[in-house]
Amino acid sequence: MVQEQIRDIAHIGHVELLTPKPQESLHFFKEILGMEVVKEQGQSVYLRAWGDYQLYSLILTESREAGLGHLAMRTFSPMALERRAQAIEKSGYGKGWTDGDYGQGKTYQFTDPDGHRMEIFYDMDKYVAPDHLKPALKNQPQKIAARGVSIRQLDHVNLLTSNVTADTEFMMNQVGLMLSEKFVLDSGVLGGSWMRITNKSYEVAYTSDKTGSKGRLHHTTFNVESREMILRAADIFLDNGVFIEFAPSKHAANQTFFIYVYEPGGNRIELCAGGYMIYAPDWEPIVWTEADRAKGQAWGVPTVATFHTYGTPVVKMN
Amino acid sequence: MVQEQIRDIAHIGHVELLTPKPQESLHFFKEILGMEVVKEQGQSVYLRAWGDYQLYSLILTESREAGLGHLAMRTFSPMALERRAQAIEKSGYGKGWTDGDYGQGKTYQFTDPDGHRMEIFYDMDKYVAPDHLKPALKNQPQKIAARGVSIRQLDHVNLLTSNVTADTEFMMNQVGLMLSEKFVLDSGVLGGSWMRITNKSYEVAYTSDKTGSKGRLHHTTFNVESREMILRAADIFLDNGVFIEFAPSKHAANQTFFIYVYEPGGNRIELCAGGYMIYAPDWEPIVWTEADRAKGQAWGVPTVATFHTYGTPVVKMN
Amino acid sequence: MVQEQIRDIAHIGHVELLTPKPQESLHFFKEILGMEVVKEQGQSVYLRAWGDYQLYSLILTESREAGLGHLAMRTFSPMALERRAQAIEKSGYGKGWTDGDYGQGKTYQFTDPDGHRMEIFYDMDKYVAPDHLKPALKNQPQKIAARGVSIRQLDHVNLLTSNVTADTEFMMNQVGLMLSEKFVLDSGVLGGSWMRITNKSYEVAYTSDKTGSKGRLHHTTFNVESREMILRAADIFLDNGVFIEFAPSKHAANQTFFIYVYEPGGNRIELCAGGYMIYAPDWEPIVWTEADRAKGQAWGVPTVATFHTYGTPVVKMN
Amino acid sequence: MVQEQIRDIAHIGHVELLTPKPQESLHFFKEILGMEVVKEQGQSVYLRAWGDYQLYSLILTESREAGLGHLAMRTFSPMALERRAQAIEKSGYGKGWTDGDYGQGKTYQFTDPDGHRMEIFYDMDKYVAPDHLKPALKNQPQKIAARGVSIRQLDHVNLLTSNVTADTEFMMNQVGLMLSEKFVLDSGVLGGSWMRITNKSYEVAYTSDKTGSKGRLHHTTFNVESREMILRAADIFLDNGVFIEFAPSKHAANQTFFIYVYEPGGNRIELCAGGYMIYAPDWEPIVWTEADRAKGQAWGVPTVATFHTYGTPVVKMN
C-alpha cells in the first residue's frame, strides 16, 4: 500500500551550539569558517554562512560545557506547524509554545526521546544583506565570503543517542522526516540512521553513543561548493592550528566528501561537499551491515576511533 | 495568505529525443556522454546515466526531424497521479491514459498549451544493474561510467514556446511545479521562466521562441559531479569534433555552471554542475529584467546569438 | 646540429607595476588577491603571494600613469649574471649596474628593444615568514593566505610591443629565454611569442601593440592552485565590483585556464591555472596561424576586442 | 661558493615494469588508466599517456616476478649524454652502450649502487599521433583519453634501497639530479630522498627498504590534471575492484595529492596531482625528522603500514 507523501517540515533552520570558550569559538566561526555575525544578544551570537537564505543558521551560546543547545526546523506553513506540534504533543515529548528566538515567530519546543532539545517554527524575518554584503546576483542571499574556508550553508546535524531506534521512529513518525540509510547491527539493533527532509539524502542523523550518555552532539555540518574547497579547507585548518580529527575522504554512507575538525569550544564540526540526492518517491532505505561498515569509509579508510566515543558534552570513558 | 505546499510531482522521469541520425546520436550518448543502453525497441533506444536511479532517463527515437518526443514526470504516488490527471483533464490539454512505455505503468498523456508532448506516471520497474555494471557502494544505482564525459544524471529540460505565460501557468497550476526565477520584459511580458519540482532550483524552463514556432525544444541537460568535470568535458568535446555552441561559463539565472553542444541529430545538449537549492517554503521568485539580462551571463559573458533562435526542430529564420 | 642548453636565467623574480591609484591598488592586491605586504619604502609597497619563495614578487609604485615599472629576473649564479650582463651590454640595450632594490644584491639594468625596463640579479635575501604567517609544512614558504582569491605565485608577464620579432630575438639571444609557441601572421610577420625560462611553457610573452605604442604592458599574471580556484575568483571579483574583462576560459596557446580583470590603477591582471610543461630538450616551437587564431580560444570563445588595444599606459585609439 | 648549474639530464623518459600477469596488467594500464598501446614487441608492450610528449613512457614486460625493469632518462643533448656516460663509467656502475630500445637511439646502461637498472639516451623518434588520436590543439601531443581515470603523464619513480645515502649521492654526483627534500633519521642516517630533474620538486625518490632487500621498486607515478581527477580515480578504482592501498590524501613531503593502488601484476602505482615547483637556484633541501614524519601525511593521516615493507619483487617479511 503506497502512502501519501507528508511534507510538513521544509528544512533545518538553525543549530545552537554551546561553548565554554565563546571568544575563541566566535573567532573560529567568523574568521576561519568565514561566517557573518548578524546579531549579538545576551550570551549568544547569531551567525550566518553566505549561502544561507535564512536570517541565521548558527547560534553560538556561552555555556559551562560544549554541546547542542537546540536544533530548529522550519515548517512549510503555519498549518504544518500546527499539525506537527499536535503530533509531537501527543507523543509526550512536547515542551510547549514560545514567542520564538531573534527574528523568529511562534515556536513549538520539544525533545527527542534521548533528550536533544528541538523546536519547529514557520515565521522568520527575511535576511536583507547590509550594503557591504550585497551580492552581485539577485538569486544569492549574500556576497560570497572570501575569508577562511568560506563555508556556504548549514547542511546537517548528527546526534549521539542511547537509543537510535526510538529517536529515529520519533523523527519519522512525529516530526515527519524520511529514512534514507540505516546501519543495522548483526544483533538486529539499529546502530545509526540518516534521515532527510529535502532531496539531499540527509539533514538529521543519529549514531549510537558508545558511552551510554544521553543528549549528546556528534557533529554539526556546513557545506562548501566543491570537493576542491574541502581540500583547501584542510590546508587552511592545518596552517591555522585547527585540530583535524578526520582528514578529507569520502563517506560510504551518503557518499559525501568530508573533513572533521574540533572548534575551540570542543564541538566537532564537519565540512562536506557532494553526496547524492534522493528523487525516488518509493525510496527503500539503504541498509549497511557490520560487514559493510568493517570496510571503512568509501575508499577503505578506517573510521577514526574517536568517532565512536567523542561527542559534546565530553564524557570520560572508563 | 499562506498556501499549503502541494507536491504531487516527484521529479523528471525521462526525456524522449527525436533524431534524424539515430546511429550517430546513439554513438554520442553512449561513447561521448557515457550512457548505458538498457533496451532497444522499435525505432527507440532507452539509455541511462550512471547516477540515474530510474530504469532509463533518455529515449532516443529515430525520426524525420530532431526535437522533443516527450517529457515524462513521475508522481509521488498513484493518488497524486490521479489528482494531476484530473486537473490536467479539466484544463482541456489532456490526451488520455496509456499502459505506459517500457518498464512504465499506467500513464497519463497531455501537452502544454504550446503543444509540447508530456506525460505523468507513478509505476516504474526498478533498475537492477547487470553484473558488469554493479557498483561497489549500495547507495549508488550503477557503476560509475568511466567513458567520455561521464554524465551523472538527467537534470532538466528547457522548452521554447510561443507563450511563456500560458505554459508557465499551466505547469504551475495544473501540473504543480513551483516558480523559482523569471525573466520579465520591459513590456511586462514574460520572456522566460524556471520552475522546480525538487529542491534543485529548476527542472523545467520555458524560453520565448523568437521564430514564432510552437512546440520546439531549446535543450536537454544532464549534470556531472563538479565544475571540473564540465571543463574536462569541453576538452573531450573539442578533441572529438563535437560542436561547442556555448563554452563553459556560469549562468546568472540559477547559477549553474554549463557547457552547450549539439548532438549529431541536431538537438542542443547542456551539461551542468553546481547551481543552488531552494529550501525556503516562502520563496519569492527572482525577477530578471531586460537590464539585468543585458549584462550577459554571471561573469558578463554575452549569451551566444544562436541561443535566441536555434532549437529543434530547426526552423529557418527570415 | 644540436646546441647545448644554456640556462643562465632561473626564473622571473618580480614585477614592478605603476599605479596612479596607490591606495585602491594596494587594497586590491592585499584584500582581493590576498597578498602580504613585506615592505613599504618611498612611493613603493613590496608584496608577496603565499606560494612565492622570493622575498617579494610585486612592487607597487605610485606613478602618474599605470604601466610596467620593470621586470626582474633571477640568474642561476653570480657567473651567470656576469655572462648575461656582458651579452646584453654588447647588444647596446644595457643601462648598467646598480646596488639593487630592497633585499636584492648587485643588479644589471637594461631594456628590451621596445623599451620595457628590465633587470637581472642573483643575490636576494631569503624570505623568513613572521610568526603570524609561519606555515605548518616546512616545504611551504608561508602560511596559505585565506583571503580573497588567494593567489599562489607570480606566474608570467605579457608585454605589448611595436616589434615582436626584435624583442623575441633579444630575449632569446641576449637574455637566454627559450621559444615555446609563436603566432605568425599570413604576411610572415611575428604577431606574438611565448617564451619560457623554466619547464612551465611560458614566463614572458610578447604581443603586437595595435596602437603602435612602445613599452606598454599587456598583463601580469599570478597563478592559483586549480581551475576551481579561478572559477571561485570570478565569483569573488563579481561580488566585489572588480571589472572582469575576459571571463574564465581556456587559452589555445599554452592551454592555461584564465580570468582577466583590471586592478584599480588600470593594469590588466590575469589569474591562471593549469597549462602544460615542456620537458623535451628538442622542443620545436608551436606555430599558430591567423586561421588558427580565428577559431578563438581553446573552446572557441572569441578573444575580447579590448585585448588587442588595451594596455598600460592607456592610449587613445584613433 | 656558488656552483654553476649542471643540467645534463632533461627528464624521465620511460619506466619498464615487469609483470607476471601481462594480460591483466595490460588491461589495467589501457582500460583503467587510459593509456594507448604504441608497439608490441617480444614480451613487451609500449604504452603512452595522452599528455606524454615522448613516444612512450611505459614498457610493460612479461616476467616471472613483478618489479622494475629499468628507468630511462633523456639528456639535453648528445654531448650531455657523453658527459654523463663518462661520469658514470668512472663510478664503476656503468654497464655499457647499446643501440637503444624501440624508437630510441644510442643508449648508455648502468645501475645505481643498489642495483636498479637505469639508462640514459638522447635520440628518440618523435611521437606522431595516428588519425584517430589526433588532438584538436597543436600544442597537445595526443587526443585526451576519455577512458578510465585518464592519466596524463609519467610523473616520477620511487625506489626502495638498502642504502639511501649511496644511491642519492650517486644520482646527484654521477647522474646530475638535484636534492629537493630528505628524511633524516635521529641516528643521522638518511631514510629517504626526493630528487628533481626539472622544476617539479621530484622525479626520482629513494626510500629505505625495511626488508633489507636490494633493487626493489616502491612505486611508479603518473599525474592527472587536478585533485578532482584523483578523487574521481578513487571512485573508478573502487567500482572496478582495483585494490586501493592508500586512499586519496596529501603528502607532507612534496605536497602532492595522491592515491596508491596495486596493478594486477603487483606493482604499486601512484596517481598524483599538485605539489610544488622549485625555481630557487639556491634551494636548500628540506629536512624531515622522525618527529616530523610521526605526524603522518600533510593532514595527519598515518602512512599505511605496508608502505614500509611492500615493494616489487614482493619479499616475505620474517
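Going by the order they are written in, the chains are A, B, C and D; count residues from 1 in each one.
Heads up, the rule we're going with is that a contact is a pair of C-beta atoms (placed from the backbone, for glycine too) under 8 Å apart; a residue touches a chain by one contact, two chains touch by 3 or more.
Since the structure is predicted, the reported quantities are computational estimates derived from the model, not experimental observations.
The pairing of subunit B with subunit C is characterised as same-residue: of all residue numbers used at this interface, over half are used by both copies. The rotation that brings the Cα trace of subunit C onto that of subunit D spans 180°, given to the nearest 5.
Subunit C and subunit D have Cα centroids separated by 32 Å.
One finds 44 Å separating the Cα centroids of subunit A and subunit D. Within subunit C, the positions touching two or more other chains are listed as 137, 225-228, 235, 238, 298.
Contact residues on subunit B toward subunit C in their complex (touch as defined above): 226-228, 231, 234-235, 238, 244, 247-250, 257, 297-301. Across the interface of their complex, subunit A is touched by residues 32, 135-137, 143-144, 146-149, 225-226, 228-229, 232, 235-236, 238-241 of subunit C. Residue ranges of subunit A in contact with subunit B, taken from their complex: 2-5, 7, 10-11, 51, 53, 74-80, 122, 137-140, 181, 198-201, 225-228, 252-255, 274, 276-277, 279-281, 286-288, 292, 298.
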